[in-house]
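After this come two complexes, each holding chain A, first together with chain B and then together with chain C.
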Partner chain A sequence: MLSMGFDTITFTILNGLYYAFSLFLISLGLNLLYGILRILNVAHGGFYAAGAFFTWYLMKNAHDAGLPLSVLFVCVFVGALLVGVLGMILEPLLYKRLYRKREEYSLLATFGLMLVLDDVLRLVFGSQPLSAGYLYAGIGSMQIFGRPFPIYNFVIYAFAIGVALSLWLLLFKTNLGRITRATAQDTEMSSALGVNTSLHYTKLFTLAIAIAGLGGAIYLPATSAYPGMGFEAIVLSFVVMVVGGLGSLKGSLIGAVIIGLVRAFGISLFPEFELAAVFAILVIVLVFRPRGLCGRKFSREEK
Partner chain B sequence: MKNDTSRRDWLRYAGAGILGAAIGASATYGTSPERYAERPTGPRTKGVVPTAPIKLGIVSWFSGPSAMVGEACYNSAIMAADAINAGGGILGRRLEVIKRDAGAPDVTVEAVRRFVLEDKVDLMAGDIGGSNANAITPNVEQLKVPFFLQCSTTVKMVEELDPNPLYLFRSGEQNLAEPIVAAQIISTKYPDAKRIAGINPDYVYGREAMGYTMMALGKLAPHMESVLETWPPLFATDYTTHITSVLNSKPDIVLTACWGGDFVTLCKQGTAYGLFEKTHLVSIIGAMALNSLTKDILPEGVDMLQRDYYFLQPPHNLFPLNKWFVEEYHKRFNKYPEFDCHQMFSAIMAYKQGVERAYDYVGGWPENEDVCKAIQGTSVVGPGGYRAITNDGQFLNPLPYGTTKHDPNYPIVTLDPATVGFVPVEAVYNPKPVPPILKYKLGTGMTYSDWMDSW
Partner chain C sequence: MSLRSEYEFGIMALLSLMLIIPMYFPRYYVYIIAVTLCYAIYALGYNLIFGYTGLLSFGHALYWGVGAYTVAAFMRPELGPFRIFSMEALLVLSVVTSALVALAVGSICVRYTRIFFGLLNLGFVMLWYSLLLKLYYITGGTDGLPVYTPTLLGQSFTAEVFRTYTYYYYVLAIFLATSLMMWRVVNSHFGLTLKALRENSLRAGFVGLDISRYRLASYVLSGIWGGIGGALWAPLSGQVSPEISTWLTSGDIVLMTILGGMGSFIGPVIGAFVFLNLKVQIMHYTTFWQLFLGSAVILMVLVLPGGICGAASSLRLRRTKTAS
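Now for the complex of A and B:
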């Protein structure tokens, strides 16, 4: 790190955050689902991919119709919203049966759903990598230390921080949040007190899925949508989940930022060990703090 | 009485069996390879050709990020089958195409075995990548059903696993010709360049592409040094840190073997980070994503190798087969054919020729061994032109290359016709004058590394 100039360190941090926030947006929903509904949603990567594909379709058509960049920007939200709707449809069909069951059930069922989602997306959108970089290129690049840096990355930072903030507000400052925390602690008591837990779970589930869709949607302009992208995304998101602590929302932010920065500095300093650096963090956390940085204790004995 | 009947039945069945075996023996007698030399010349009586369709099994990726590869293979196989069937089939037998998904080497080997044992295919083909190709090699020779590999670049297969193949063919580029061509382009086009960096996917192909290019450059342009080699995983979505690191190392040339969605993302992020303004990008296999390379992603003037086929070459006005192929492919699949398509099409045509030639020779429907021997050492014509086939079953392909251009007639980035060139096979394997004995030749025990050392 000593050999890196200040400008390089800045760039590496910015690049690391860019990657970190993609992991954050996926693992946030994963943790939300696990923390409250006890579901390990492997299919989350599929919803992330669906966000990218839906947004590609919207953006491509909007761009071909000659609509301005601001409309393309709206496409990101519409894409995420469509994924939320998809989640709302799948919730009563599959997920409702898995709430608060043992993890093996949700692992198997959602893995199956992941395969189905991936194949359906390939069937509908084809197997070519799809790109809609209009927004990414349209906003352009700015100069940082005399080097170009895409302005769109700042849009991503703002989005991720915005999502984190609004979720925090939602969970800790609103009535909905109060109910959520109550049902997470004791479902039966909440129902007895008159909370429609079933409807409430549907809302939460839709939210978690829509955030994954937003992740896919917001990153689409800077990357491409291709079959199998969900699988690639989900593996490192689980790493983030474990590092940050299962079920912890704060943990997904901290875990994602750590993984993102370690990876970025790993690439800059030891390009041969890019993936190894990320998994080394996982090993260290599992050895010294198995519940993750912000996770709940597994048992009373554990310190 | 009962016993009597059953004995008579038994005799009847046995008689039928012996008769059947005799017919079978007489049919196979003529096709055994030892008979080649004994057969009299002149007109022969032709044996019976089965009426059941010929089954072609395509094994490639039909799911996951590489699904575009399987799609290209399958689409072009269907096109070849339709063309053959419209012309009356192969000796009157229709060609039928079925497919199985490839995966990791064990999955791919299983797909190959099931094709032969369950589906009873007559031939197989597909782009399965280098490590899968290494894995299936012993199985193909053991199962005795011809397999035509597309792409699947691996040096190990020909040097170690199967130095004298009979059933295995490869219609894709020979070994790793691309790194050598890349080195030739870099050393002739950028003689002043000194620093080279790499952004290559972290798997066999990416590692070998960078390694062999540096090895070749060590001979052709020894003043060049590799300043930084980065290894993003295959199917990465973020190249920003790699691009930043590479730009920090101030290279004159950046070499990349990224393909598919990886190349799309790399170019997109590279544009935003000024990669194309500060260095020359040389793409070894980015053309695999041909149909995804829109003009906002890839700027003009980027050096691209096209592996062994580029859809605008040979020019359509000079070579009607290519014109038909490109137009028909675009009409049916709304895409331009990638190099896998040419490779698949010419492989199937080579099989057709082989069957017909062997039939003439053995005087009946030939066995797989006869077909394979009748393909080796011949040549075939595909959309990309004429290809010689070595006695090792390797199709010899020239390598087209050029620099990118934004042609208003195409929705995708194309190569500037003024810059398109072919590195012919002879030049790929003889980049500067060397004594003939040092020319690379398959099957002589000389390894690829030895050969490059000998320049």
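Now for the complex of A and C:
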């Protein structure tokens, strides 16, 4: 750290946030599903990848048709929405059958779905990395401490913060949120009071999947879509979940920022052990504070 | 025929089939079956922690990797006069290293169950993976390490004879020995205690059992079996690389166990056979093996949670019911 100047530190932090927010958008949905439905959705990485691939397809076609940048920007939302629709289709087909099963079973079934999703994306889009950097290049870059920095990254930061805020508003200021918190606490009681829990679960599930899709979609212009990206993303998101606390939405933000910063500083300070450091954090947190930084306490039965 | 003699007959028939495989089957199949037997040993061990003790680990490829890397590391030319080529010595070393790693990792992991146990194991296997990747002056980095042809009981063979003939019998013998040992383990008091922990750990604790100690013992044993499997597999592959121990390859062993039927003794062995041979067959036609595997897993969890063995035993049950 001593050898790093103030400007380098600023850049490293900005890069760290860039990593962090993709993990944040994935783990947010994961925590929502785990907190309410008790499902650790391994397939979430697949939906994230689907968001990137769908958006690539839309953007490529929109760009080839000569549409302006603003339309390309809309593609990001359409891509995320399509992923949400995919989730809405899969929820009654598969996930609904897993809600009452043991956590291990849902872990395995969603792992199976992850394998299927990854291969279907490979089948449809091929094995080559696909990029559509029109938006990224179109927005251009700005100067920070005399070094160029892509403006699009700020779009990503704004997006992530926007999603966090709107989800908070949704959960704590609307009726839907009140119902969500009620069903999370006591499903039977809520359905006795007239909540259509089955429909409600479908809504929540679609929302969680669409957020993951948005994660893939918003990052596509800056990176590329490639098979296997879902596997990489999901394993780091697990780390974020554990560090922040399983089921905690605040935890996914804090966990993502910590992991993002560790990676960014790791790459510039100890590139040998950057990945090892991330998993070392996972192990340390699980050993010393298994409920994570913001997780609730365990009941005896869960130990 | 009574149930017991039916079983014995089946086992004898299968064993004689296994013995003549190198004489009548193509060399390629001999190789595949030898690899399958290595995985079967690993699966037997994994079943102890998952099927019998009820702890789902998403990181058992760690032990496979420790076993395989132990063999490769002691064969490195850099060791000069201290290089070891005796497979027996290498197996003993692998048992020691995998037991030590399992003891260290396990003593942390067994404090948790369910998802936390799974994720903690995932963390350890990825930690190991990233170290394998980055400590290239020890582990060879992404390229991994070559594995040379070892000697078997002091005899050396050419690579060709070794791979398609002698080593097959060597692996088969160790498979039989480790299966017998595991059979003794699961049918001992210790094995029954593990089942009791799986069914109700709270009650088992009230009865006065030291839950963590039993879980740790089960974990270490399953780690050793994984290490033996990996060590036996290394000379067959001729190469070890970090990709053999990730959370995804750990997923393979979970899927083999589920496919065969967790909790039944022979299930995971059948699962390993079906998994690997199906993979070879499907990969002949298409590279989209994950698509088949994933769909099979989803179907298994939803329709046949008992796996192949569970389905077979429920069929048998139905048959005896209609017969009587």
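One rule holds in what follows: the second predicted complex is superposed on the first by the 298 of 303 C-alpha atoms of A that agree within 3 Å, B and C clash if a C-alpha of one lies under 4 Å from a C-alpha of the other, contacts with A are read in each partner's own complex, and residues count from 1 in each chain.
Criterion: a contact is a pair of C-beta atoms (placed from the backbone, for glycine too) under 8 Å apart; a residue touches a chain by one contact, two chains touch by 3 or more.
Quick caveat, the model's predicted, so the values are computed rather than measured.
After superposition on chain A, the partners chain B and chain C collide with one another. Looking at the shared chain after the overlay, A:L286 reaches chain C, while chain B stays out of its contact range.
Contact with chain B, but none with chain C, is seen for A:P129 once the two complexes are overlaid on the shared chain. Once the two complexes are laid over each other on the shared chain, residue contacts for A:M114 go to chain C alone; chain B is not touched. Residue contacts after overlaying the shared chain place A:Y18 against chain B, while chain C stays out of touching range. Of the two partner chains, chain C is the only one that A:V235 touches; chain B does not reach it.
Using the contact criterion defined above for the overlaid structures, shared-chain residue A:E272 touches chain B and also reaches chain C.
In the superposition on chain A, A:A158 makes contact with neither chain B nor chain C. Residue contacts after overlaying the shared chain place A:R97 against chain C, while chain B stays out of touching range. In the superposition on chain A, A:I9 makes contact with neither chain B nor chain C. Residue overlap on chain A between its contacts with chain B in one complex and with chain C in the other: 118-119, 122, 231, 272, 275.
Looking at the complex, you find that chain A touches chain C at residues 40, 94, 97-98, 101, 103-105, 107-109, 111-120, 122-123, 231, 235, 238-239, 242, 246, 272-273, 275-276, 278-280, 282-283, 286-287, 290, 300-303. Against chain B, in their complex, chain A makes its touches with residues 8, 11-12, 15-16, 18-19, 22, 118-119, 122, 126-131, 133-134, 136-137, 141, 147-150, 152-153, 219, 222-229, 231-233, 263-264, 267-268, 271-272, 274-275.
Contact residues on chain B toward chain A in their complex (touch as defined above): 62-68, 70-71, 202, 228-233, 235-238, 240-242, 244-245, 247-248, 260-261, 264-265, 268-269, 271-274, 277, 289, 291-292, 294, 296-297, 335. Chain contact summary for the complex, chain C toward chain A: residues 56, 58, 108, 112-116, 118-120, 122-124, 126-127, 130-131, 133-135, 202, 247-248, 251, 254-255, 258, 288-291, 293-298, 300-302, 305.
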